[in-house]
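Common to both upcoming complexes is subunit A, partnered first by subunit B, then by subunit C.
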Partner chain A sequence: MSQEIIDKYTSGEYKYGFVTNIEQEFAPKGLTEETIKFISQKKNEPEFILDFRLKAFDFWKKMKQPNWQKVQFPDIDFQDIHYYAAPAVKSKPKSLDEIDPEIRDTYNKLGIPLEEQMMLAGIAVDAVLDSVSVATTYRERLAEAGIIFCSISEAIQDYPELIKKYLGSVVPYTDNYYAALNSAVFTDGSFVFIPKGVRSPMELSTYFRINAAQTGQFERTLIVADEGAYVSYLEGCTAPMRDENQLHAAIVEIFVHKDAEVKYSTVQNWYPGDKEGKGGIYNFVTKRGLCAGDNSKISWTQVETGSAITWKYPSCVLKGNNSVGEFYSVAITNNYQQADTGSKMIHIGENTRSRIVSKGISAGKSDNSYRGLVKISKKAKNARNFTQCDSLLIGDKCGAHTFPYIESENPSATVEHEATTSKISDDAIFYLNQRGISTEDAVGMIVNGYAREVIMQLPMEFAVEAQKLLSISLEGSVG
Partner chain B sequence: MNLLKINNLKAKINDNEILHGINLEVKPGEIHAIMGPNGSGKSTLASVLAGKSNYEVTEGSVEFNGKDLLELAPDERAKEGLFLAFQYPVEIPGVSNVNFLRTALNEHKKYRGEELMEAGTFLKFVREKAKIIQFDNKYLTRPVNEGFSGGEKKKNEIFQMAVLEPKLAILDETDSGLDIDALKIVADGVNALRNENNAYIVITHYQRLLNYIVPDFVHILYNGKIIKTGGKELALELEEKGYDWIINPEN
Partner chain C sequence: MKFIESLKEQNHNFKINSEKLQQAESLGLPNFKTELWKNTPLPRNIYDYSIATHNSDRNQPLSISDVFVEPNAEHYKFENGFCQQLKNQQFENQLIENKIDECFFAKDIFYLLNKSIENIANQFVFNHKNEKQIVRLDYISDAANLELINLQNNFVLEESANAEIFLNFIGNDNTIQNNIFTIIQSPNSHLKINILSNNKDSQIINNFKIIINDNAHLTINNISLKGKFVRNNIQVDINGSNAEVIANGFYYVSENNVADNHILMNHNAPNSFSNQFYKGIIADEGRGIFDGKIYVKKDAQKTDAYQTNRNILISQDARIFTKPALEIYADDVKCSHGATSGFLQEEEIFYLMSRGIDKENSQKLLLKAFANDLIEKISNEEYKIWLENQIEKILE
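What follows is the complex of A and B.
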């Protein structure tokens, strides 16, 4: 593709970069035992949570930042971050009307209407602004079905038994550097519990937003599906444009019992930094699901368009016999963005099956890596994995890399890996041009076609959003 | 009035001049055949008219529908009513034929300031078009050209032409790789779509296609220039005697 075209189309604008002017309450910068106690106290947490945090903190202090990743960034000064920022309200709002209009306006601008539109859409939303969950819609209707959907802070207060049982059961605080950090300082996030035999009557959704400056967002999401339960859950994320980098180190844990299924979809559009690579979110996230019971299933779908750096591997531990893990991913990097993402499928039970479909798209001067592990343990008789890993390059200044790891300890297992790398060809663009489609729209169309297999996994209304987002992310980047 | 007027057109690729001064006039309702040996510049002419970026026009002018064609971007040329049926149609994985065509048609409509077509109306519209050129409906939902045979790809080009209803269609060796049945279908499609307002430029190596799409004019392109123009009987003469008697008349 000609350089001129590439330059013209690979420099789109980020439209969620505004800041909400509300009064906020901060913890002092820096990470010490005092910070952790401050957070715990603010949230009026029971003793066992504070213990959990402090143990994680002790562990974290002994750890070193990992350095095996492909992505590069300067050392993070963990003492220069606010670990707690919250809209200053005297008490938790009891109804949607009590929420600060500025905050509601923020979510409206983001296209996340908390009220009537939600009713029509039939989606329950938990909105997290910086460290605090602002509102959870639809709670009552869900409660009728026995479903618990609330912020994790509320869950700690209201359902301590469930929290005690499941918190850290899939991602222990010893798991990795950022998981330990999150466990020490996590501020909010969502909690979902679907009881035995219940299919959630609606999609559940959390919307994360980083608003305050020099703040890290450390949310923690815990989803538990009891026997035979089903839920589809979606998270979306944005952040204001700021010159400094901001850290987002989250944990998502999913625990799935026998015959249950959880579908988890992410549309991640954190601020990616400007065209020169200044600013943007460091998105370092640990996401893992445990198929604990037989015939259980977890499906991850992610559309990653934002963040300066995306570094995460949504994974499935397939412990139950006949359990199924799926990972569908589209990761776009443009300008100076970097991504090192993929999945881990750990086969433990018999007849377990997994499928990984990863579509990387690199444009500008960005770098996009797929890294994945398929592990078949000794007991995993007749386990099967299929991995498909495609890279699409736009222009000649970006990079695509693939790091597949396969460890098989059982000879009856079948593991397949397919990979392709392609470029958007001048011929394809000219072909669409010749039918009357502009170059920018042509690239959007080609990219959406390329990502189709993944987009189709998303719930309908989000699929439409994701398609737009893919085109927008490549504005000014084309090729 | 001329629909297309090419005047002394010269074009090069990588400093290599391919077209050395083409002159051609096409009026609405006409069918022009361009024939010539390999490497004479037939496909280059098609690409230059459609606006492919790796060719550079060094001299001459092209007027299309009263506008300076060379000033327009490729997608604008298409929306002005210029259609190129590609010799090697491109595959667009994951994009369904109908979706692609609806986007394209609506871009044309937008350009002309007409009302856009809704999905339902469009579907009905394309099914009718598909019937005209005997194009199996199963191809509508399949990704553009992906996994299509050579013949299916060519038929898909004619199908797209039927949907977009261009003023001028250039068929670039649409007959190559077609068996006789497919060739007839393509030709029948063109004949069904032709009327007094549109025109065709048919680029071909073989006289065979011209039995089915009967041209008003036959031009011989050789070494980047049109060296002879005649009626449909010129094609028959070529079939019999080859090109040599025109290229080297002394022999």
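What follows is the complex of A and C.
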């Protein structure tokens, strides 16, 4: 492959860099007990949430920033971040028309007009702009089915008993450094509850945006599927261009009861920083699902094209017998991006099965690592895992790494892991060239074919978007 | 830690590098948070071990048994770290000293402890061209008290040399052998290393640092069939082009023993080949650990590097921890790794049973086949047959 083409592919710029000029309300910079009380008071939270936050904060103060991950970044000054920022809207909008036109314009620029989404795709969008939910659509139709889909702050007000039961049940605040931080200062996020035996009539979707400068975004998503329920949840992210690195430390918790299934799909294209590696989002996320009941299933699908640093390991704890965990991932890194991502599958119940398919693509001067854990505990009779992680290198300045941990304590379990690393072969490009396809298109085609196994797992509308994102990520219009 | 204290005292003939000893002491013993010891429990009573000296008590000397006797080999016997045929000394070898500390186990207390004693090294030089030199080294540790035995052996292969080395480790359960092997292969040299732990009580920590140059060939056959605690750290630095490294490993772990294999294949130069192939059978309450890594440096284009680790657990309480890792900074490479952990397939057992073989024998047959898959790769015909017999005995 000629140098020109590599350069062309690896010099893309971020298309979604703009700032929405709306008045914002900030908490003062820095993290103290007062900040937490301020957030809690602003959100008018009940006592037990404040307790939860303060306990998490106490715990966080005793912890050290982890340093085992294969990424490099300057120390984060946690006292230099706004922990609360909300558009200064006087009263909550009752319909889409009441939403600040500038905010709606922002979404239009992102190519996700709410109306269009609602009409064409029939998707309910709970759009989050810097911490406070601004638009919740299709709530009524979901309510008919008995599904609760709202922002987590509303859920705290309206369904405190559910929150009390499930918040922190999958990711306790003691879990890790950023989980503790998130538990202390989380501002908003989504809450989904699917009652017994209900199949969600539509796919639920949230678009996250980080807007204000120097605002760490601390989202908290909680999805609960009761017995026999099914839901497919979509999360998509974009963030505007800015020079300082922004911290995004979210938690996603999924609690799945007997016979229920949750499918969680993410397309993430946060701002990755410019070509010199300046700026960009630090994405340190804890995502975990618990298959608590028998025959339950969780499926994670992610397409990661953004963030200066991505550091996340969507995991499944397979506690119920016959439960299933899946993880499908495509991670693209370009320029100076760093990604350390993978999955954890903890097999506890009998006959549990899991599957990990991870495809990494590194270009430019980036580093892309897969880090995963498959743990078969003593009781997990006949557990089965298959892991495949492939890496593709474009150019000779990038790195691709694989760190799989496999721990098996049960003789009846079968664990398989395989991985390959290679570049796009000259033969493949030559083959396509021969058939009149330009080298550039050939690379796009090969990359798409390479990631196909994962893209196919996404819901249809998302798959189209992801496919586009994949080609433009490398072609040079989106970073 | 008694072993550190005993080195600080002056009643021994060791030349101490106090800086290294200080480092070892401040590092302390590893625990489950230490990445290299994450899944490896330390030998029992590790705090009570002192350092073996010339005057170590040996009230029940061990005899050499269960080792492969290669008739053409030069034979050396190390007893508690000392060989009567050779004089322990300190070597000023520029080539070795410059590179030796660049290894993944350099920040390990046992490594630093060993390196803090300067005059315990022996050096073997292989310089015959066109003639194969064979050496057999038996390392016996049979001190009566709890003692840690430190030893350093250097092997230098000069240009076009051809050598085969047999390393046999035999010990009682009072002793821990803590060995460092440094191997330098000059261009066009060929080397086979046969590492064997086949003694039921031995506790061994081996650190291998191997540097190979252009067109050199290296084969490692790392077999541990018995042993309470066997840990092999191997780092191969491929610093030349067209070099070829084959690392075969087999471990059988029974009772509550530990077999721990760490291997790092460093591709620092383009156009080289490496293949790691490790298989293990874990029985009883055994614990197997495999931690292998392929590292491909930025300019090491056209590297072919492969890694496979397969394990079978044959008891309820057996455990395996495996971590096959890749770290790659060059794009024109072919690298792959695979790891499996499983059990004997019902179908396979059924197949054999339906042909009139009882269940127990079917299982044995399958396990033997699993092991032979690896043993077959050993090119020394007699050694291979000998190993096959040993494995058969163990599986009985």
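What we mean here is this: the second predicted complex is superposed on the first by the 472 of 479 C-alpha atoms of A that agree within 3 Å, B and C clash if a C-alpha of one lies under 4 Å from a C-alpha of the other, contacts with A are read in each partner's own complex, and residues count from 1 in each chain.
Note that a residue touches a chain if its C-beta (ideal position, glycine included) is under 8 Å from a C-beta of that chain, and two chains touch if they have at least 3 such contacts.
Just so it is clear, the structure is predicted and the values come from calculations on it, not from any experiment.
Touch criterion not met for A:34: it reaches neither subunit B nor subunit C. Of the two partner chains placed around the shared chain by superposition, subunit B is the only one that A:452 touches, whereas subunit C remains out of contact.
By the touch criterion defined above, A:401 lies against subunit C but remains apart from subunit B after alignment on the C-alpha atoms of chain A.
Within the superposed three-chain model, A:428 lies in touch with subunit B and out of touch with subunit C [touch as defined at top]. More subunit A residues lie in contact with C than with the other chain of the pair subunit B and subunit C. Of the two partner chains placed by superposition, A:58 touches none, neither subunit B nor subunit C. In the overlay built on the shared chain, the residue A:80 is in contact with neither subunit B nor subunit C. Residue ranges on subunit B touching subunit A, taken from their complex, read 50-54, 73-75, 77-79, 83-84, 86, 89-90, 92-95, 100-101, 103-105, 107-108, 111, 143, 160, 164. Against subunit C, in their complex, subunit A makes its touches with residues 68, 376, 378, 391, 393-423.
Interface of subunit A with subunit B (complex): residues 2, 425-428, 430-439, 441, 445-446, 448-453. In the complex of the two chains, the subunit C residues touching subunit A come out as 35, 39, 298, 301, 311, 313-343.
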